[in-house]
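Below is a structure I'd like to ask you about.
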Amino acid sequence: MDMNEILGFLLLLALLTGIFIGFPIAFTLICLTVIFGYIGLGDLVFNLMVFQAWGVMREETLAAVPLFVFMGYVLEQAGMMERLFKGFQYILARVNGALYLGVLFTSTLFATATGIIGASVTLIGMLAGPVMRESKYDPALSAGAITAGGTLGILIPPSVLLVVLGPVMGVSIPKLFAATIIPGLLIAGLFTVYVMVRSYVNPAVGPALPKDKHPSDYRAALREFLVGMLPLLALIGASLGSILAGIATPTEGAGMGAAGALILATAYGRLSRFLLKVSLFKSMLVSSMIMFLLMASNMYGAVFNRLGTGPLIAETLVSLNLSPIVMLVALMVIIFLLGWPLEWAPIIFIFLPIFLPVIAASNLDLLWVATLVAVNLQTAFLSPPVAMAAYYLKAVVPDWSLTEIYSGMLQFVALQIVALALVVTFPSLALWLPGVLF
Amino acid sequence: MTDPQRPQYQDELIGDFGTPITGDPALPVPLRRVVAAIDRGSELIGYAVSVCILFLTAVIIFEVISRGVFGAPTMWAYDLSYMLYGTIFMLGAAVTLRFGGHIRTDIFFAKFPPRTQAAIDIAFYLLLFIPGMWLFLVVGYDKALHAFVTGERSGLSPWRPLLWPYRAVIPLTSLLLIVQAVSEILKRVSVFYGSGQHGHE
Amino acid sequence: ADYSWTLQTGYAAGDEQHQSYVALAEKIEAMSGGRLEIDVSPGGTFVPAFEVIDAVNDGILDAGGGDGDYLVGRHPAGSLFASSPGFGMDSITLMSWMRYGGGDELFDEYVSEVIGFSDVQVFAMSPALAQPFGWFEEPIESVADIEGIKFRTPGLPVDVMEEMGAAVVTVPGSEVVPALERGVIESAEYFSPKADLTLGLSDIRKIYMMPSYLQIGLVLNVYVNEAKWQELPEDLKAIVEHAIMAESADFYWRYLRDNAEALAYMEEEQGVTVVRTPDDVMRAQLDAWEVVLNRHAEEDEFFAGVLESQRAYADQAVGLKARITPPLNIALEKYREE
């Protein structure tokens, strides 16, 4: 183990310390990366970090983030979010955990249209967070449903993760897209079953609307649905639908959602200079916070990679000459553990190539292995301390503490491990659909 | 803790976003003016930057209509999209710092007394933040200068706009962050030497 | 190892271009008895794909891999050293121009002065066959069919397709496959039968058009940081140079086998139909290229100088090659009929 590899381990330790002491996370990542990178790589580290910043700045697909956030704030400021969820509650007033259903359904819809988790976690957080709080939903379970639901976007195609993973594993991207659809929907299903069972066993975590708030007659409920909900549902449907129909790229779909929100606010007579100013300003703040965090985690991943600590762990494991299936399980465990301090990109770039020759030589179906890797990597967004989904949500729902958000997320991480085990046991969950389609 | 001196625009504009701290009277008046000037400057830049979101929306709508209805994609929408988005989040970082919007782990931090919080932050800004951002500024400036001297253009679309103005966003972001950090340090110094009444809101 | 380099390419891990750098590293390690080890990573591992040369110049990467098409934003002449039609010079002929016709000197000048990376040593490597025209919903039967078609391609070919009337849509790399699947773009080209198969283009479109003058081939580059290069002893320098030449030949041989197999697989197993591009369309491609190249030559002296050097070399080299090579379709028709 040379000097730089040890530095990499120390960087991990310092990161944990810094983040838990309470420095702003983005700047903890940036500044620790600077220090450890400087010791290990000299002043090159600054250039390396500027390159990473530039990489994030030129990622056109991320332009969807400020646009979806803006769409959310316009709707919120115009008071339309409240109506959406009131309408939803009216319809499902007697159902425990109705809002969880709404959150998970919207998340899954989002996931099939875009691959930007920052956008879905923030937008759905804005839409649902305040209403869930008002409705006395369990904060941990609410935060868990929003963050875990939001990260479905990176698993269910289209997804940047799959586009990067496919070529590394040597499997065709459309086939990988097809392979992840059923596991993605399976996870969405598991999430839904979990929240509904929790809500029925203990109605306090997802209470139904109290009797006195039930709609007085069906005509009122219908009216609320037509006037308050339908236009909003149409807006979200049009924004995501234009992506699904091939009229627009995900970024363009987000832009159309933002424009549509402005039109809707005008139609309801709510658009004012003040509303516009507030929505723009808040969207800018939230986007800046999100993208700075993403940029910081990319810098940290790149320097960690360049220090060479990662390959050491993986090479040690490969040198043990384990049997293919044991190696596959070991790979899954390693990826899962690495997902706590790292995001998916450094794991795919650095660790996977080291394991790949062993996996490839073992006659395991690479499409199946790639699907397992993708399901596994989705947990990286949900595992602290580098758990982007938690921070995105915290930015838009400041009332939930990070402790609550973490504890909610971890319940869903457990569900993902169940899903992973299912796909390991029944490979056809991944392989059936690509076989039918191609 | 609710601060009676909580600035009004915060209630109006950004609600409960972030955890900014306000200065304490312990800070001498000239320094308080510096803090006020920096904060106000950051806010004004923030307003200007936030309007880019409207431009971004307009650019995209134009492209969708132009391509979808008239079958004629624009040459410039692609480059403008990422340039506007990058400008928004980079130049918005300083004002986000001003409003305490860069998220932190509150598990332990929130339980520290205000003076301890201020001391941690001062150490963080002086030892890590300002040196790091300074070097970022220097390297970012070099890259922008190289792009300017060689006339570098974007190679991603047929529009091929000059890239140096966009590359200059990186050093500009660092500069704005350093200036804002000065204000943040002064506010925390005042809390550290002050009555202990004004911590995080 | 006495020396160990970190090399990052601008390509995806599964691309043949990336694999060529992996193969180069193996050759160098074997030839040097393990004295020089090179660790090869795909695009994006440390720096974005478009910034590889910049990162080598800074010393963040000891070495890098990319091609001139990645450099057209820095200066449009980059494409002339990579995939532009070069007055009919295919990639092997272009390698010949670079080594024996003054191209290497011009490329050195391009990298160190024109785009200002003076701390980089450059080498040309791995000539590829011509790139197919691309994947379409319906065959292109005439020049008129290109009008308004929503097409995706990178670099100077963007300008060429615009010149031909296509509606060129810029889609980021990660969106190409979903955009094709959903119809945001109608057609696209990537690189070679094998690379296209790996990316999955043959899963989405079934009409594969070739040949094409849009990109008559591709020549890759190896970038080495000047300081890292100078610290090598003379024998290792010679090993690197000759390993690059060995890999260039080996790449071409491997490329023929792999791509022949890939094309056969797509035709036999995936129902792909290969459609020959009409001659008129290819002539129109060259006309459009001429307009684009002349536009740049008028604006830029260096660009004009490179074109002039290529024209002079191609006049003899392409003249020889075209007249001495028997047309392959005669052989193909004879042996396929039997």
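Assorted remarks:
Labels A, B and C are assigned to the chains in the order they are written; within every chain, residues are numbered from 1.
Throughout what follows, contacts are C-beta pairs under 8 Å (C-beta built on N, C-alpha and C of every residue); 3 or more make two chains touch, one makes a residue touch a chain.
Which chain is which protein? Per UniProt: A = C4-dicarboxylate ABC transporter; B = TRAP transporter small permease protein.
In this text the structure is predicted, and so the values were computed from the model without any measurement.
Among the remaining chains, those touching subunit A and also subunit C are B. By number of C-beta pairs in contact, A-B leads when A-B and B-C are compared. Mean C-alpha position of subunit A lies 36 Å from that of subunit C.
Computed from the mean C-alpha positions, the centre of subunit A lies at a distance of 24 Å from the centre of subunit B.
Chain geometry summary: the mean Cα position of subunit B and that of subunit C are 41 Å apart. Subunit A has residues 47, 54, 58-60, 247-248 in contact with two or more other chains. In subunit B, the residues touching two or more other chains are 78, 143, 156. For subunit C, residues that reach two or more other chains under the stated contact definition are 50, 54.
Chain contact summary for the complex, subunit A toward subunit B: residues 19-27, 30-32, 34-35, 43, 46-47, 49-50, 53-54, 56-60, 62-63, 65-67, 70, 242, 247-248, 251-252, 254-256, 258-259, 262, 276-278, 280-293, 385, 391, 394-395, 398-399, 401-403. Interface residues of subunit B, counted against subunit C in their complex, comprise 67, 71-73, 78, 143, 146, 149-158, 160, 163. Every residue of subunit C that touches subunit B in the complex is listed here, in rising order: 50, 54, 70-75, 114-116, 148, 150, 154-155, 158-159, 162, 167-170.
The touching residues of subunit C, counted against subunit A in their complex, run 6, 12-15, 41-42, 44-48, 50-51, 54-55, 58-60, 171-175, 177-179, 181-184, 197-200, 203-204, 270. Of all residues in subunit A, those touching subunit C in their complex are 44, 47-48, 51-52, 54-55, 58-61, 115, 157-158, 160, 163-164, 166-168, 170, 172-175, 177, 243-250, 302, 305-306, 345, 349-350, 353, 438.
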